[in-house]
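Input: structures, listed below.
You will see two complexes here that share chain A, one where it goes with chain B and one where it goes with chain C.
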Partner chain A sequence: MPNVQIGVLSCSGEEMLGGTLARMATRKVMEKLRIGRVVSLCLPLYIAGGEEERNFAKEFPVISVDGCDKSCAKIATLKYSGEVKDTVIISELLGKDVVLSKMVSARDLTDVHYKMVDIIAEEICKKVDAIVAE
Partner chain B sequence: MSKIKVVPCSGIGKVFGLMARESALRVTDVLASDICETACLAHIVSGDDEARAKVEGLNCISVDGCPALCAAKSIKASGGIVKAEFRVVDIMKEHRGKNAGDGTALSEEGWIITDDLADRIAAKAIEIAKEVE
Partner chain C sequence: MNKAYAVLPCNGLDKCAGCISGEMAIQLSKQSKSEIICPVFYRVAEAKYSSVIEALPLLVIDGCGTRCASKLASEKGLKIAEKMNITEEAKTLGIDIGLSIPINEAGKALAMTLVNRILTADKPSESTLDDFIQMPSLIYQEYKKDKFLFRVPENKGFYFNENDVWVYVVGNKARLGVTDFVQQSLSDIMFFTPPSVGMEIEQFEEAGNIESGKAIFEIVSPVSGTIIKVNERLLDAPELINQNPYEQGWIAEIELSDFEEDQDLLHDFEGYFPVLKRKVDEFHV
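Take a look at the complex of A and B:
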């Protein structure tokens, strides 16, 4: 799939750090690591009936990125577009305690947080590259 | 009394979603933490019983980035009582020409506008809390 675009649907969960990390990692992949290859999909809009987002997810492969094992992004994609090509669940990468810890404002992020974002972004990139290689 | 739920859209595509998210966090963490808390919008809209219980029958304030109003609509669909709706696009009309940043990071101007929005949300929350006392 050399020219395919890949959608990344991130949870952005507001109650915990995992949502912030999911969001930041997705943005990093889209803006810096896989420019032009990855499109971020807005989860609230997707669920609220955004036709553009849902149609994209029906036509192109989607990777869901969830902060915790509630897997809201994955569940939404399965419900409205039928298939999730791959998933990233951050609690499995960084541990539940980290992911479920208190959400942090973007102005209070530390190097530790940015390193976590890098780990998640790298995982998303692996999944993107695997889909492209198919 | 249950805390007022302040639920932002957190839309990932534009700066407005980040402003909604950060303003809500400032309210629930700093300005009105004694009367407000947030809830994961993605979980609310997933529709499971646990998620519905987070807002059903409770006073809520929605903070949406764009006119799609995903947060407000989703709270209402889950049985939440939306006592006030804030839209970042409306606040931005008062700051025409200002560069607020992007979906990844807010600019200095973006933070000022976001903090202003947070002040307004907190003031509204205090008003709502007094009403229901």
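Take a look at the complex of A and C:
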């Protein structure tokens, strides 16, 4: 799929750290690591009935990025657009304790948090590249 | 004494305004006894938040004109005690919140300013209505690019100029507005400066302007004539242009002075649709 665009639908949770990390990693992939290849889909808008987001997810492969195993992003994609091409669950990457820890203000983000973002972003990139290689 | 709220932020990901709404929610929960309602999880597990919603006044924070959080509150029949729109607040305060995530220093400062204001003060707002030309039921042709959808009405009577402004002509009167290309390119429209009623304009002269965080768009009139009405709803709700620029988001109505001549420099649907597609392919990001 050399020219395919890939949607990344990220958890938007702000009750726990996992949500914050998920959205930061997704944006990093879109803005820095796979520019032009990845389109971020806004989960709150998607769930609220955003037609553009839902139609995109029906037509193009979607990777869901969930903070925890509640898998809100994956479940929403399955419900409204039918298929999830691949998934990233951050609790499986970084451990449950990390993602379920208390949310962090943008003012309090540290290098440790940014390193976590890098790990997640790298994992998303792997999934993106695998889809492109199909 | 600090107030406490049940805070429903949009938490949008597409624009950093959504992230600022999330940041505000975190700050409010730190600085008061406010509780955060996750807009996504609320839909999945409504009961989890019922006690919070019952106990505390609801503060809804939208990032942009799409107003996902407000729509969610309305869908669930929630009583909104206070409302805030980050993009509008940033514009009013002259703060450039940028586009990237993590949010920039200005975005963090804006979040703090608004949080302080919420915890220490209050303020109100209102709106009006208007109508004139009867529009038909519109039939659209669509063109998609990535996740963006561009519609153009193909009904007879619609004409377009190369500046992406449409006009719908009925006899010697017409209604005009901008096309989907304009509203998608501008993104969230925050301000509308209408033309003056009674003003005479020539074809390709300015008939007001609209403004988003990205740019100001001068509405280039496709026709000449006298402005007889403006869509006053846009003064309070310019986001109607984003919602549908051909229907509720129309700009003004005009009494035509020489449509026969003006028409020579306009496209009908057949002529404009390829122009829009080319522009989308070449310019739209």
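A few notes on this one:
By definition in this document, the second predicted complex is superposed on the first by the 134 of 134 C-alpha atoms of A that agree within 3 Å, B and C clash if a C-alpha of one lies under 4 Å from a C-alpha of the other, contacts with A are read in each partner's own complex, and residues count from 1 in each chain.
In this text, contacts are C-beta pairs under 8 Å (C-beta built on N, C-alpha and C of every residue); 3 or more make two chains touch, one makes a residue touch a chain.
From a predicted model like this one, the values you see are computed outputs, not experimental measurements.
After superposition onto chain A, the partners chain B and chain C occupy overlapping space and clash. Of the two partner chains, chain B and chain C are each touched by A:L43. Comparing chain B with chain C, the partner in contact with more residues of chain A is C. Of the two partner chains placed around the shared chain by superposition, chain C is the only one that A:E51 touches, whereas chain B remains out of contact. By the touch criterion stated above, A:G7 is placed in contact with chain C alone, chain B being left untouched.
Legend: residue contacts after superposition of the two complexes on their common chain; A:E31 is shown touching both chain B and chain C. Of the two partner chains placed by the overlay, neither chain B nor chain C lies in contact with A:A133. The interface of chain A with chain B overlaps its interface with chain C at residues 10-15, 19, 23-24, 26-27, 31, 40-45, 47-48, 50, 70, 72, 75-76, 103, 105-107.
The residues of chain A lying in touch with chain C in their complex are 5, 7, 10-15, 19-20, 23-24, 26-27, 31, 39-45, 47-53, 55-56, 70, 72, 75-76, 103-107, 109. Contact residues on chain A toward chain B in their complex (touch as defined above): 10-16, 19, 23-24, 26-28, 31, 40-45, 47-48, 50, 70, 72-73, 75-76, 103, 105-107. Chain B contributes residues 7-13, 17-18, 21-22, 24-26, 29, 38-43, 45-46, 68, 70-71, 73-74, 103-106, 111 to its touches with chain A in the complex.
Those residues of chain C that touch chain A in the complex are listed here as 9-14, 18-19, 22-23, 25-27, 30, 36, 38-41, 43-44, 66, 68-69, 71-72, 100-103, 107-108, 111, 144, 146-149.
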